[in-house]
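One structure coming up, written as structure tokens, with questions to follow.
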């Protein structure tokens, strides 16, 4: 963080292949690299979930070839309990960190934030490049844990101590596996800190002439707010991971209590605090949920506006609400710990902000819906996914009412109800945001249109499939189905297995549908029909670049000057019902009522 | 992962003032010939490095805040906390670190006048930077001696939570100081090639002074809690 | 396409609601005295959440249907009341809703967690370890003998690390793998973890509480229905997590007494 | 002339071959002859046998069902009414020469998980002798041997779901004895006694037979998991059977 003066470097277009495509300083290339990483990660995570689902639906069914993945984990292709948990842990970790954080935030943010504020690049391109490659190394370290003798950690993506801190005595993967996990996450934090640093500085200092804060598009606002969250959250997770590693390799006792007996052996550690890890982790963990979803909100708003042909009912209220989410997200993390032995009073204290956070969320949804009203909605794959995201966010949001209350958490904590809740509200909603953004921005990123027909089929299968997977999760939870079980040996869980079979089938089908997307992505990248500069007739600056994809310096030498608020739709402009942010023409602007 | 490559842009003063103050491509802030009403606002945004360094320092503060709260919780919850008196050398190190900040400030003054083209400044400001560098290294060395002192008392990383936190906090700080030293080396290099920017120097020195403040805080924390 | 979206969305919303309304999968029967408060709170919340879910999904569907094909020459119009109207609505509706839920929920929570156990409650200690629960009854003297972690040994079934030769209190302690409680009497459950984090979850009993290593917690409850129920672990504790369970037998006072005698003989 | 020389060569080669062959044969004879001794005896327990607690398996109904009509008991000390002591490992602790000690038994015993108990409770093995861990249960077990640190053996922890193939492995270093447990069924507990040279484990009559003992005089050690060790000196004549009885005192 000591040298901040690389900006000039970015403005000489590199000539060598390596500098252009691999160790590039260009925010656009780095954005694409992040997107590629997320794409690889999401398919790894998806395959892991398939294996888990198959196992949950059909108990000790041998999955042909599984032993190739792990001879110990699946002897004779039959999955062992530890291997199930290891896959589950890796699914959670990879999805949360390497997909939900990288794709909507780091990938799209890197590509479009500088363009949308009218800058040639980020101020610190070297940090930007490091941010990606550090993240990449983190991913490799995480994947590496698949190949150590007893496999990756089985402690779940929350890595509760002391299970995660005691070492190999507590089970397969709890030795080297955990150390690799913690190392990977610590490295990941460094990468995201570099990224956030760039995002914040770009938004504050790199805005072009006339681009006042209120003229920033909602997507930029979302990325900005997210980067502020990231800066604080990841800065807390990193030291926590380091302390965890020390408990492993240096014999310290930060998280390990006294007098623990594992396998009849009294453990040498003393006095550590189990809850300390939970506090540190969830202080990061809850903001992380919003780090995953807020960029999605921004992207969806951005896409929706250009397809509704009208500005949001209120630009500012939306921004304030997202900011409110960011602030509140630090006050609510305790709701993950209602029944974890925290003082009952503080449970109540945490319950109220948790309930109150539903107010900004509701406002955001209402603004979206209120803006739909009286709009001239265009239906295309991008807007369909945006609408789908709204629906998912609502469905996942309402179940928050339950989990915000400690008294109901007694019943629902650690059940599939929770799993259903966060998958809908955070995972799937964010993924729909990513899809929406992809279909919307792909023409600008690669200069070619994506195939709308395949896109729509992809949407329908994904939309219906997702509900088929995650709605039943809530029912299972109500019936008391505990999460993180590799088999349901309990008498009261036996009757629920058919539901799991149904979910498994739905999951496999929905997963398969994603290959349509992959095909569409690759095919359109090379053979899609060439994209015009502004295919969606949008107003923001990324569509004001002289070409698709934009030139190395985004605006071909002269930075644009901004004359209007971001979303001037539904007006009589020379170009039609919209006026670009950088077009000097005078118009009756659609402005906020004060 | 392909990208189009273009001519490096002709920076024209009308549209990009950023490069005028030699601080990279800074933008305007809230100054626009906006629709009808011209927004009032600061003429130019500051060079990104001056914002960036504050953002970076915020992140660092957050990390140490997390470690602090960990220390407080860990101490509160445990009966096994053993108190020990800080190695005396720490106080000496503190003086060394402050001295380094002083020399750095002198260096900045001299470099400033040097940049203003007062070539009559005969003394090469570098030597003050080298002094800072030396003092910084001295400080890290001093910290190492402090650890040696503790280990001779039989207090190792894993001996007791109190010692664990001592090592973790001081090591984390020392690492950040080393980062600052790296920055100084860069500054010296740039100064030699006369490619140094004010913003770089300022950012580096802000970071360096922050290390003092951080250290003072840590010293107080350790002194109170251990 | 927009019509299809609208219809699909409404179908999905209704199909999702049916199992809830028909209680196809619902909370198991309640066998506790405090459970009613939870169940009522659950139904309250379900009503409010369900309504908001259906209302907003259907509204979304209608808007998409209606405004995806604007009439020719139709101008953009604003939602009546505008943004401010919606914000105020959100604050009034959702605000009051969640505050009400919060208040009642807090009351239910307090009635469970912020009340002291009755003086005559039956003390039982439960120890969670990878991957089983074991229970300890103080025996006639009503005193639990001290635990010596270094003596804990599953190989010779000294599960609580008792030293019966030197600790008089330990002599008559009864250690069991199954938990029996007398019906309609309050049980004071002292919880300790042997190794890592675990959790004590009996859906029928409306009880879930984590075991925190190094932290001795306790809960109290009264079971009201004779029967055999499952105790399961809900805190990921290792490879055997899915199979970490025990049985809770709620018995009449007489059965309970004879059961204790039988167990004492087996020690 | 040439011819004669030729014949001579052949004769030489043939005789040489014969010599080697017979030599080998004789040597072979010696080896087999040397290791045909046996050590037999019985292991007794004096005093009242310690009370073995019953095991409550109620956490896993499957296990309970396996023991409907023979309630499971702990197996730390298994003694008959007459005091015959089972599961005692008897092995030669001193007197074996290098290559006799390093001989590895070729048979591959199995260590079965049956009714959520280990059969046998104690398995005696040579260093590097292969053995199979199998499961006859329809519930998942995890096998978790815990060798003493520094003894040269590396512990492991693997699950074996129903239908999983046997785990085939061996131990690197001598260790009496390695405790093995199942975490999913915490009462499951057994031992691997890893020794050098011939060995045996006493049966339900308390008697044992160590086969293939070369002639010589030895110190024989009997190890019982709770009652400790006993040793006695025996000398075995080639092809003969020597006797060594052991008596453990109940604590």
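First chain written, first letter: the chains are A, B, C and D, and each begins at residue 1.
Throughout what follows, a residue touches a chain if its C-beta (ideal position, glycine included) is under 8 Å from a C-beta of that chain, and two chains touch if they have at least 3 such contacts.
The shown structure was predicted, so the numbers you read here are calculated from the model rather than taken from an experiment.
**Q** Check A-D against A-B and say which one is joined by more contacting C-beta pairs.
**A** Most contacts of the two pairs: A-B.
**Q** By Cα centroids, which chain is closest to the centre of the whole protein?
**A** Most central by this criterion: A.
**Q** How many angstrom lie between the CA centroids of subunit A and subunit D, rounded to a whole number?
**A** So the centre of subunit A lies 56 Å away from the centre of subunit D.
**Q** When the C-alpha atoms of subunit A and subunit B are each averaged to a single point, how far apart are the two points in Å?
**A** Inter-chain centre distance comes to 31 Å.
**Q** Could you work out how far the Cα centre of subunit A sits from that of subunit C, in whole Å?
**A** Chain centres of subunit A and subunit C, defined by C-alpha means, are spaced 29 Å apart.
**Q** Using mean C-alpha positions as chain centres, tell me how far subunit C is from subunit D in Å, no decimals.
**A** Using C-alpha averages as centres, the distance is 50 Å.
**Q** Going by the touch rule set out above, which residues of subunit A reach two or more other chains?
**A** 80-82, 171-172, 258, 264, 271-273, 275, 487, 489, 491
**Q** Which subunit D residues reach two or more other chains?
**A** 60, 139-140, 142, 159, 179, 181, 183-184
**Q** Touching two or more other chains, which residues of subunit C qualify?
**A** Expected reply: 129-130, 154-155, 238-240, 243, 245.
**Q** Using the contact definition from the top, classify how the chains connect: line, ring, star, complete or other.
**A** Looks like something else, not a line, ring, star or complete graph.
**Q** In the complex of these two chains, what residues of subunit D are touching subunit C?
**A** Its residues touching subunit C are 53-60, 74, 76, 139-140, 142, 159, 179, 181, 183-187, 189, 226.
**Q** What residues of subunit A sit close enough to touch subunit C in their complex?
**A** 80-82, 85, 154-156, 160-163, 166, 170-172, 174, 256-262, 264, 266, 271-275, 308-310, 313-314, 317, 339-341, 344-345, 347-348, 351-352, 355-356, 358-359, 362-363, 365-367, 369-379, 384, 387, 390-391, 394-395, 398-399, 401-402, 404-411, 413-415, 456, 460, 463-464, 467, 471, 475-476, 478-480, 482-492, 496, 499, 569-570, 593
**Q** Show which residues of subunit A lie in contact with subunit D when the two form their complex.
**A** Going through subunit A, the ones touching subunit D are 60, 62, 72, 75-76, 78-82, 150, 168, 171-172, 263-265, 487, 489, 491.
**Q** Which of the residues in subunit B come into contact with subunit A in the complex?
**A** The touching residues are 1-12, 15-16, 18-19, 23-36, 39, 41, 45-53, 55-60, 62-63, 65-67, 69-70, 73-74, 77-81, 157-158, 161, 164, 168, 172, 179-180, 182-184, 186, 197, 199-200, 203-204, 207.
**Q** For the complex, which residues does subunit C have touching subunit D?
**A** Of all residues in subunit C, those touching subunit D are 129-133, 154-157, 176-178, 238-240, 243-247, 266-267.
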